[in-house]
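As structure tokens, here come the structures.
Okay, so chain A shows up in both of these, paired with chain B first and chain C after.
Right after this comes the complex of A and B.
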């Protein structure tokens, strides 16, 4: 017999199918994909508007006999057209990943099938491995859609040509995006397995997401919460005070939203000169480490999940 | 026997109050409301303190630069002193209410509806002598009360800290402005409470309702303002496009006249979100937006009346919808 029916693979396949049938997961994922497409249009629209304003302003300055500065659009890398995508990944992509992670284990618990799975000839490791593989597959699927939208945008826009290095940078951005969504998906999986109630299982990772997205950047760089919706405002030089120096040193490695924003800005060429991530750990390494910790937490929670209880303990 | 004794509904004249009081007691007993209020309070406190520290840093930098200029025998007029309006320090805290406060309102709305369904007590409650709208009104009143109490706690804490942190204290006018902001914050968060409450009460699966409510929250609180913000050309170039092109304000207005349609669409997207109305109103009243700093309250309220009406009409419309929708017996139990 082939290995198609190995327990881990069976669980991964069944879990992914089960989750994809959930209308709320489909709704959030669809919302994410639509917004990614909108973000590509927004990047193009905003840049072309700035270009048209420049042309009008240049004509105005010439008629007034004033010197005409260089077009700011020419200083912008074509990759930065995708800068809004990083905002939507940080906001909706991360939330979608949490919901996917949560539902992967929450649906089993709610349907009361854990005791049935528990009596099957498969180990806890196979169950945990299957769930994590299903999460990886679903997150990679979302990332593939995002990648396709980005690639299609660059291929369709006639005035935009990317070099080989820029295509590699775009691939790097997609890798970082997958890592960031993977972190939140694994936390959603861990909380869904460890929490006693369905609501707490969902609220814990959402609270973590709110904290990382809207509170930590204030501590590390005095960034207002609404800066999270603007890819450029989210990159600022922290105030030069002792408090912010220490906050960046102590909290920087945990400020994952910052790490993702800086990694994205670096890869998509819109990181302003002289601005660096508040963490002493490079942003990409920071995200890899965080995903590793989240993987360990998810593994621990899944392998300790009680297979004797049907529904949530509430 | 009189009608009064025959009609069970008239026997208990205040089922709304009874249900509201019971819901508030429930929320306080399991510490849920205290936990979420503490979270919002912490977020707002971080916002206020980091803002104050950053401002203190700006003042120190200014003082150092001024001392250097004076030591060189030059005039200090060349450098601009940092402006200090104490209420402006509330900016990030208001943004936390705008984002996290709305999310908390969704959770309160979800709990309010889902708790009875989860405990299978909804159908039992509806066998009591009361009308269905009274049940919904009682629940909604409890949610509004919890939100009002939580926000009062957070804003009064911030006011107290601001009073001592600012060094110059707050006056009666400042307190009045903060009170107005509290009232509008309650109305704003009630909108999200009602969205979540209605969905959780009427959808088949309350957990799906919670996710759908969060999708609405994402759209109104983050996506619509993000699109409006991105389409603002001045936000697309570091420092602003006009600043980089060295174009004065009157000329900027002249140039932007040919982008009137674009600006209308951009503003329309922002206007569609109740969050943007909340932000515009509170930023004006607190003088956070530079053009309103130092202006008397009366003219600001007149100018911002449209935003105020929008927020209250949204809350009232959702409230009317919550009362008008009939309770479906198929939705009474845990799903």
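Right after this comes the complex of A and C.
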């Protein structure tokens, strides 16, 4: 029904515009974009340097009549150059998504305009749908920046050509990245709608993010926080003890940062042989399930948001 | 008999077991300026929240412009405008940006043009490009009124519209209410504490006490029976707890 969907689209468009005007959101998103560009540049720079040294050495060896070894750049999958991105997504990307989700509904509640929206001819579902659509648009926007940086890196890298399958893997990584940031954005949205105060609405998802990023990996795989944010050491085998065995079984399906890291490692070809995710659920399925639960929570919180008592300080 | 613009039938609301509005039944005719009086916590705002579909009643029914608030809330929302007691808007946006947003949400065609018309009507075009964050209470009240009439509603709900306004602001608002009623035929439902405003503006009044309707009549009948403003005040006080406390004292 156009009467209902049209205000929903309007809510989505306006909410996204309002949120982008927020200094905190703009700064966090900018920081994320800058870090992603830096990680792409680092990958490009390291590979270019190795390739240049190889070419010089190959020319020297050739002129000296020596056998020329294969280019080390080609010994590993070029996709693994993007591994640092998974760290920035797990850290600043997820945090940006939380803040975006929170502000999407927090702005209305802080402004105190819920009664004025509530008396307009739009259903609560249209309001909820509009907010979720705005979040989806903004997260996709961030993911598009990540994608553009990755694609640009591969297009300008010398000696590297991606196969069709590798481009598909890269697209899969972007999909998983969108799903992961989407999960945190939806949790931010849900908490922003359900919490009584603005502070709690932001603290709850940030605490969840800290728990998933740093505490669960420590419990499931004995990873200290600094190791947890290293794309390679984060894929370690847990100690073979009863505690870690049961912790991995019980907490593994909830350890989403692990799921994201393993899914990324699999898609970007840097997952060491013989190492598997602590969860018995495949990482990508795990992320899809988590995003589904977060979507349900956000929908419930938004459709139940009181238009008379929902404003902060009421 | 024409269909009343607002009709409530045993409309009831309670919060945590405390009854806020108790089986309210009344009718308000088209074109009325209805003054809803009552002490703090009497249930006036709760009544408005139910009639504007912001809150669902615990029991009872009501229709606004012929539409049932429970079964057809979207149709009700198309026919109403609402100005809350404290008008709150997006502070970082200008008045015009706020109004265009609400106009679009109300399905107004050519919202920018309509916003200009309404600001002209309310004599506040000078506010259009100013950020709402720096507005005084009176300025907010004007923009609040503007957002409520953008879509030319049949019924306008005003919750304590004069609260916090200076005498100039009160007079300006009174003139606007009368104009909206006479020029555009809007039915006005107004919660207020000010007896003097009731006498100057309203065509019918009702008094709510502890959620119960204790008086409802046309203003002529009330003034004929109780006389001038001071007598209306006596009527109000005699019907509300404040009045009973005064009697005890």
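In this text, the second predicted complex is superposed on the first by the 273 of 314 C-alpha atoms of A that agree within 3 Å, B and C clash if a C-alpha of one lies under 4 Å from a C-alpha of the other, contacts with A are read in each partner's own complex, and residues count from 1 in each chain.
In this section, a contact is a pair of C-beta atoms (placed from the backbone, for glycine too) under 8 Å apart; a residue touches a chain by one contact, two chains touch by 3 or more.
Remember, it's a predicted structure, so these values are computed and weren't measured experimentally.
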Partner chain(s) touched by A:35 [first = chain B, second = chain C, both, neither]: first
First, second, both or neither for A:240, with chain B first and chain C second: first
First, second, both or neither for A:111, with chain B first and chain C second: second
Greater residue coverage of chain A in the superposed arrangement, chain B or chain C: B
Touched partner set for A:21, first chain B, second chain C, both or neither: second
Touching partner for A:248 - first (chain B), second (chain C), both, neither: neither
First (chain B), second (chain C), both or neither touched by A:120: second
First, second, both or neither for A:308, with chain B first and chain C second: second
Footprint of chain A on chain C - complex, ascending: 49, 52-55, 74-75, 77-78, 80-82, 84, 86, 88-93, 101-102, 104-107, 147
For the chain A and chain B complex, residues of the former touching the latter: 23-24, 27-28, 31, 35, 38, 42-43, 45-47, 49-50, 52-54, 56-57, 60-61, 66, 69, 72, 84, 87-88, 91-92, 95, 99, 198-199, 202-203, 206-207, 210, 214-215, 218-219, 222, 224-226, 228-230, 232-233, 239-241, 243-244, 272, 314
Residues of chain A that touch chain C when the two form their complex: 3-4, 6-7, 10-11, 14, 18, 21, 107, 111-113, 115-123, 306-308, 311
Complex contact set, residues of chain B against chain A: 39, 42-43, 46-47, 50-51, 53-54, 56-58, 60-61, 91-92, 95-96, 98-100, 103, 107, 110-111, 114, 118, 207-208, 210-212, 214-215, 218-219, 222-223, 225-227, 229-231, 233, 235-238, 241-242, 244-247, 251, 254-256, 258-259, 262, 279
